[in-house]
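In the part that follows, the structures are each spelled out as structure tokens.
Below, chain A partners chain B and then partners chain C, in two separate complexes.
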Partner chain A sequence: MEKTLPKPAADTALERAAAVIARPVSGFLEEMGRLLFFLREIALAGWSRHQYWDVVRYQLFQVGWRSVPIAVLAGVFVGGIFAIQIHDNLYEFGATAMLGGISASITVREVGPLMIALLLGGRIGAFTTAELGTMNVTDQIDAMRCLATDPIKYLVVPRFYALIIMSWVLTVIGIVIGVLGASFVAWSIAHVNFYLFFSNIAALVDLYSFISGLVKSMVFGVFISTVSCYYGFHTRGGAEDVGRNVNRTVVILGIGLLCIDYVLAVLNDALYYAFFKG
Partner chain B sequence: MIVFRDLFKSFGSNQVLRGINITVNEGETLFIIGSSGTGKSVTIKHLVGLLKADSGEIWLDGEEITHYDERQFMHVRKKCSMVFQAPALFDSLSVGENVAFPLRRHTRLSEKEIRDRVIETLSLVNLSMYADAMPHEISGSMAKRVSLARSIALRPKYVLYDEPTTGADPITANTLNALIKDFARKLKVTSIVVSHDMESVRQVADRVIMLYKGKVQFDGSPQALFSSADPIVRQFVTGVAEGPME
Partner chain C sequence: MVFGFFRVLGRAFQLYGETIAYLGATIQDVFTSKKRRQQVITTWLDQIYWIGNKSASIVLSTIAFVGMISIVEMSFQMNRVLHSTDFVPGFAALIIFREFASVIPAAMMAGKVGAGITAEIGSMQITEQVDALRLISLNPVKHLVVPRFVACVVAMILLSSIASLVAFTTAMMVTDVKLQISPEMFVNTALFFVGPSDLWVNVFKAFIFGQIIPIIASLYGFLTRGGAEGVGLACTKAVVYSGLVIVILDFFITWAATAIL
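What follows is the complex of A and B.
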């Protein structure tokens, strides 16, 4: 009788460990692939000449105008907090004159775009997934298809445009209000006058910083709209699945925005030194 | 004319359609009946491109549409609309806007013409006074009627009804049956109705097809259905638990 050799224990353990690591990694890569395919679908639908501009206008209002109060409030407080925190450090070195430049530089390049993106992700991203998910589980998306209307073009592309445009606009608003908030706090608490505060901004914030901040905000807009529409559009089942996908959207947006911000910061730095300071 | 020829469809290991052959003649109201899971809804979803066949052919007015892509199906959907089991009204739009939705997207009608068409269409389902109401402000029965009105707003040649009377009370079911009959008579639409409501078959059908295990078990008039000697057909029509049906 032929004898079969037992499998070495170490091999089995290694295989098991590899499987434990491989499963989530392959799941993550598959999900990324699906997201990229969805983005491609949006881009193809959004590229055509015929668009539902009435829906785009409506979404601009929903996404943008209704988010202005939140952007203003967040801008004021984040600017103020920065001014207080940075002032304490600068005071020790007798460099409070730099307060305007440093707080504006951070707000324009990093905090402004990221803060607005996180707010939009929480407010609009979750709402979009819940809305599209509910439409999907109640057959509204199939009904739209049967009325000869492409749901990607009607439901997703307008939100995509609106989120890109409004994340840009809201970032500008957030940055301006943030800097104004910082200047007010610097004047009222740290006694740095407005002239000194603003004249120092021009020395530290150049056009490149401003443009890179705005490019970043547009990339965030693409990411928020793609993720939130994808999870809404691919919700199956019932109310529980809608809730699960909303949750997934919020988590992925939160972590994803931070990861993208890091990658863009590195790229931005490399480009800056290659073309402007090199 | 609609033709399904040797249509096969499976979902994973579950073979739902096993060679369906159906011809739908112009102007007729065809009922597709059968117990749950026999592929009634699956069959009609192929016609509007919500599902893709594994093999077989689907012909619509002499055109083979089996392998159409999403863009090509948009053209098919303008002449072939579908009413879902759930009303599936767009809840962010009013009743009138729901009916106006396909008109705004696919016609060049003026605002006044759209408004007139919406009122005219809602009148067919006796809901013209609810044009400004939101879907959550009307009853389930009304929502179903609005869904019917929306499906005929573009005056399609074919209307597919997916279990229109399921879950409806007897009065609502009768109203919906009368509307399906009315649409066929007044608007000259060809209707395919997926149902297991025998009373609807009796009231509305011109012809009945019964599916069993993914194949056509019966094809004939309602009278022939109710007097059929086929034990499977008999069991389904009479609704008795004991019999050859699994």
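What follows is the complex of A and C.
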């Protein structure tokens, strides 16, 4: 008869406290590792010319084209909000002439990519987890494997490509619309005319900020698609677990996007001052 | 499509009016009947506990990062335009108290709590539990929406007040490390820019957003049709549209606030 090993007894208060702290930390690290392995699987399946291009096209339509109206509407108002706030700050220094440059620079570097990422995370992230999770608990993914179709290649890789490409496209749209909204607010509320607004954009927005914004939005796209597909794929049990995983996706996307944004902002600053300042 | 938009808008206003009306009726119940008082207060506290507790972790950890990001970004921009970073604490505190402390928690609550409310009411709708409630002459708005409405408003005001302090603290930490401005200097500069009116704007925004989230979420819950797939679609719609309405209203509130104050 097989004997079960006795649990390591946590006798002292210190050991118990260590166990309480260690469990969430190790759980977090384990989850991160699994996410990275999932990303590796996606990269291996996606690194080939033979893809399901019609599925990619369908996903591009689903992810991208349908988000354009929301991106435009959100872009106008977010650009306007930042223009009002920056105008308030600059007004006390008599530097309202710089309003256009600063709002364009902030939109390109930070607000545009983050806004589009939060929008895509809310619109696509939770939906993808729910979709793939439902397919998983009704054994559709196993059925796909039986028909010799790689589910990662068929389900995940098209979403991955679509999200990266469309987060670029939507970021560019969001930036342009946001700057237009800011210029309208500057004209109507802050009394900065259009010529003054657009004339010093070129002085404050350079190619480097634009590229850094696009790199940021690409990282966000990779993060959103990996997390949402991972939690959809790793749904066990029934409909209840689908709900739980959708919830987990929303939380991790919310915290993770802003955390990544902070890290990238610090890196971006360091790189800018190291290479481009002079 | 245009008519669909107006129909949904009309339903939203109708639901809002019904919620306010039944909220009044419920408050009247609280003051008149003792049995109902205990029931109502228990339900409300329960909902406040669930909604506030469920979203506290995500709201506070996101707003912590937002405070840090705003310092990094503001110092970069101000360094280029004003050639000094002395006023960065003031600018960052101003934008934290006026915008981020209410909008970021609202967006996160819409993703977490709003989607939860839609899923709950939507699955009750497709399994005809809402009709069953009507059948035993319990009004679904009074018994499903009003407690969540109250809980969302209370939780939103509390969370955005805490969130402003959290963002302020993390901004202070980053400023100390990055710009070598001591916490005392940070508080001094920030208090020079931020006044009590900014805190009241923050609370007002939280009050408005806390009403929008449960109304839109339960509206799409009641509009759910067509099985489990429909619930998923309704959740997505609720999250996206409440985020959009929050951003749009935020623009107009900010505009009005800068014009008045």
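Here, the second predicted complex is superposed on the first by the 266 of 278 C-alpha atoms of A that agree within 3 Å, B and C clash if a C-alpha of one lies under 4 Å from a C-alpha of the other, contacts with A are read in each partner's own complex, and residues count from 1 in each chain.
By definition in this document, a residue touches a chain if its C-beta (ideal position, glycine included) is under 8 Å from a C-beta of that chain, and two chains touch if they have at least 3 such contacts.
Here the structure is a predicted model, which is why all the values come from computation and not from measurement.
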Please tell me, clash or fit, for chain B and chain C sharing chain A in the overlay. fit
Mind working out whether A:F61 is in touch with chain B, chain C, both or neither, as first, second, both or neither? neither
So, A:F127: does it touch chain B (first), chain C (second), both, or neither? second
By residue count, which of the two partners contacts chain A more extensively, chain B or chain C? C
Using the touch definition from the top, say if A:F194 reaches chain B (first), chain C (second), both or neither. neither
Taking the superposition as given, does A:F37 touch the first partner, chain B, the second, chain C, both, or neither? neither
With both complexes superposed on chain A, which partner does A:T138 reach: first (chain B), second (chain C), both or neither? first
Give one of first, second, both or neither to describe whether A:M98 is in contact with chain B, with chain C, with both, or with none. second
Contacts for A:A148 in the overlay, against chain B (first) and chain C (second): which applies, first, second, both or neither? first
Once both structures are superposed, the least CA distance from chain B to chain C in Å comes to 9
Do any residues of chain A touch both chain B and chain C, and if so, which are they? none
Tell me, which parts of chain A touch chain B in their complex? 135, 138-140, 142-150
Which stretch or stretches of chain A touch chain C in the complex? 70, 73-74, 77-78, 80-81, 84-85, 88-90, 93, 95, 98, 101-102, 105-106, 109-110, 118-119, 121-123, 126-127, 130-131, 134, 189, 204, 239, 243, 246-247, 250-251, 254-255, 258-259, 261-262, 265-266, 269, 272
So in the complex, the part of chain C that touches chain A is made up of which residues? 57-58, 61-62, 65-66, 68-69, 72-73, 76-77, 80-82, 90-91, 94-95, 98-99, 107-108, 110-112, 115-116, 119, 228-229, 232-233, 235-236, 239-240, 243-244, 247-248, 250-251, 254-255, 258
List the residues on chain B that touch chain A in their complex, please. 48-50, 70, 74-75, 77-78, 81-82, 84-86, 88-91, 101-102, 105-106, 147, 150-151, 154
